[in-house]
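Read from first to last, the chains carry the letters A, B, C and D; within each, the first residue is number 1.
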């Protein structure tokens, strides 16, 4: 397989590696940089969030699986990202407790720790665009997934002695919004965490450094970041974020409050706008999740909803976690619509926008919208988001 | 619960007791029953002046114009169903205490936590009046504020969904 | 709870937020930075790898769970990190196949994809220091864990038509070492991947950007990075890395070759040098892993090996993955030794260094050493690594 | 295998056929049976000169001194058990073909891939002679190189561990 040639000066040169390979940037011809303190992305990869004044969205279409690199985790905050010195950090727990206490960050880390992989999602995670030129990041980029580590709130409840008549607690942040939400004590005992680590390392500033409340499966706003105080009480506090915000008009003139669970949802992240599709075999890919438990099934339709097939789920399927799904499809070049719908272990099946509006009324506001996302595949390979109504 | 605490000691002994003074500093929340409200008071007139100098730039001359969140419902809107109009204190806030709590902790946006309690009472009075909820000469304090019944209170219901096949 | 005071100018000031809180850096008093394109670590957190000329080690003692942030993933390469343009990238598969083929990166991504969380470990992952002043990073920092995504090699084997008489294949990188290893074809069919993504995003340059071989549970060097070529053959190629290197002297004057599986191992990462320990309740924490399957149990001793207790394992326990263990211990302030040992599902139990040397002979070289790590806890709270013999 | 391929098409049709020319360029490996060895040849004398100019700086004047990897076993060491001495080509390399393959692909470290095939043959001859494996006048080429029996060949055994309780 090695070809030999004679050069002018009579030497046998190694033609096995041809002229082209000797160019300056042939990586086999020059040792590269030595091991370093910290890595960085390839110069050829530049994934970024999509920022607005109040949030920044994860580039779902650029990710290959369910973990979100910490610097691409979505952001939503109400008065910017505070800078908190971990040496000065303290978490107070008081109110209906035996002992009002404060814990330094070092204290929190000394308690028995717990880790879990979980999604986080803003309950305002829905956008559309009339011309269909919107990416998965634009539509549903206010959800991300991390491995969270911290102390179970139940451990701290034990330590301070939560009184039996405590039914709610206030969680308060130390950002400039001094963010507050009321949370049922039952959630605190069940699976709430005070998280100080994300994907193996300290939580990032945008995610609540040095410590946050983390409520698996619940709307992101309730997982109060930069947590400074928990007050146990016998009633909710009716803060601005659980009255004026994060509530939604439903039927009969009512407004739904304390809608904590994130409903099951899925989105195809490939193929999606702005991908230019080629005919032939295509692996449809996306994520599905439910705040109420495990994803039991994801169904995919490649014929505008006429028939549905069961997609493959990436193992392990975890509780309240983004679950990657994949489905093989042979595209023959005809115009069609592709879509996915998630089913969770409670028996819930992700609805269409029409079903949602039929159930809740027309003016439902911007929260807790989890409709099936439909992608229109045009004959020329263009993929556009089909407006939901 | 996720942790198996069977073999745990009754206490780990980490952390310290919080002092009353420390808690007084931090415990700024106000409950619907008025718990947490400080001494002091405010009037619509006083609030109007503070609003003009510290709030109007972002919420508009009359609380309607923006550029930031609309706070006030116009007289014209009052006859419509709340669903057809923009959210305001008049049509979407179930508790008056929330207004005091939120303004004190988070407003003005560029200088949160800078208002005196009297200023907050006055601004609360002004905004409640602007939304046609209290009289122009009402005086707002720790006793009167929790008594106010907000127009939107009646609409709020707690989510009772538990999963399952039904879309709600 | 709110205290009121009269100021000189007669105004009621909000004493609820005291003087101290008004200082410039009170995060509740000034909106923070707005949402951004990319996040970064808190200025207070500076985890780094520990680089030498040939490798860079993961700061195990700074991590809170089993995922390694990509920029802290260990590095080992033999001629630096090449820069590879993903547009120019091609993977060739040839030799004993029906069709010799080449695949661009885009081609690789079109095939059905697969993800899994797995550790990677250099088989030279062992260091000690006579004075015991060595961190988990120093002792065993040449292992890290990621979620890897790519195409199963079996999928590509199907596509090129691997001939039945192919028993080995050569994997060749495009770094300046043009790294080569011979791999049994059976591993290729079983669980080998061509990985192009790590923790959700494109693989980092130090981990083989844009694509690498990934062999779950096998010594890191076999998972050839910057992969450019696979040649199917009926015999191993006996490259320098599988003869002069990555082999180890054993008993009877023999040298063990093709020692692929990483033996089960564990290490306590807290408490560990240079931690200064305080008396009282301590959660002993660490990681355990096996190249031969799942960790079935981790045992911890806090009395120099006299008695052993079963540690809690963080769920889900995954195949060939770092498994976090935690164990509560009340330290009374007496000098003692703490240690952990891993058991895997084949029934293997992590040995002491003496057991290893008894089994392999005294001059075993630097590869495949997985002894129990012992930490000496001194009365003054100092924690030192106890030399292994 | 992990993928369920039951419903897969026989081929996905991604990728292209590789041309013979492309493979000739990349296929630089040498097998123990000599497959892959190019035409050309080299002598100990020629290798000695090239070694002095291109290798000695890193591997030492006689291949013993370093600073980088020791390549040569001294006469004194030859009598000892291989375990007691530093690894060298003489005591730890099972195949002579590996030397050609490795030098050609990876050395000199600062300019890998820069040697001609004749230079690689010559360096291989020189290093084999320096380790007392071939005669000073031996000529190394595609026919002779695979014939050489390396002293360490006899020690190599394939790992046969499969897990289980026994420590080996």
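Assume a contact is a pair of C-beta atoms (placed from the backbone, for glycine too) under 8 Å apart; a residue touches a chain by one contact, two chains touch by 3 or more.
Keep in mind the model is a prediction, meaning the values are calculated, not measured.
A.B. asks: Taking each chain's centre as the mean position of its Cα atoms, how many Å separate subunit A from subunit C?
C.D. replies: Chain centroid spacing, subunit A to subunit C, equals 25 Å.
A.B. asks: Whole-Å distance, subunit B centre to subunit C centre, using C-alpha means?
C.D. replies: Those two chain centres are 49 Å apart.
A.B. asks: Which integer distance in Å separates the CA centroid of subunit A from that of subunit B?
C.D. replies: 30
A.B. asks: Which positions in subunit C are in touch with at least two other chains?
C.D. replies: In subunit C, 28-31, 79, 110-112, 114, 176, 178, 281, 328 touch at least two other chains.
A.B. asks: For subunit D, give me the residues that contact two or more of the other chains.
C.D. replies: Those would be 8, 12, 14, 23, 27-28, 105, 109, 112-113.
A.B. asks: What kind of graph do the touching chains make: line, ring, star, complete, other?
C.D. replies: other
A.B. asks: Among the chains present, which pairs are found to touch?
C.D. replies: Per the contact definition above, the touching pairs are A-B, A-C, A-D, B-C, C-D.
A.B. asks: Tell me, which parts of subunit D touch subunit A in their complex?
C.D. replies: It comes out as residues 4, 7-9, 12-14, 23-25, 27-28, 36, 38-40, 104-105, 109-118, 120.
A.B. asks: Taking the complex as given, what residues does subunit D use to touch subunit C?
C.D. replies: 1-3, 5, 8, 11-12, 14-18, 22-23, 26-33, 81-84, 87, 89, 92-95, 97-98, 101-102, 105-106, 109, 112-113, 152, 155-159, 161-165, 167-168
A.B. asks: With touch defined as at the start, can you tell me which subunit C residues reach subunit A in the complex?
C.D. replies: The touching residues are 25, 27-45, 47-49, 51-56, 62-73, 75-77, 79-87, 110-115, 147, 149, 174-176, 178, 196-197, 199-202, 204-206, 209-210, 226, 281-283, 285, 314, 316, 318, 324, 326, 328.
A.B. asks: Please output the residues of subunit A touching subunit D within their complex, sorted ascending.
C.D. replies: 1-4, 11-14, 16-18, 21-22, 26, 28-31, 280-281, 312, 328, 330
A.B. asks: Going by the contact rule at the top, pick out the subunit C residues touching subunit D in the complex.
C.D. replies: By the definition above, subunit C touches subunit D via 78-79, 92-94, 99-104, 107, 110-112, 114, 152, 154-155, 158-159, 170, 172, 176-178, 180, 189-191, 228-229, 231, 233, 235, 237-240, 243-244, 247, 249-250, 253-261, 292-293, 344, 346-349, 351, 355-356, 359-361, 363.
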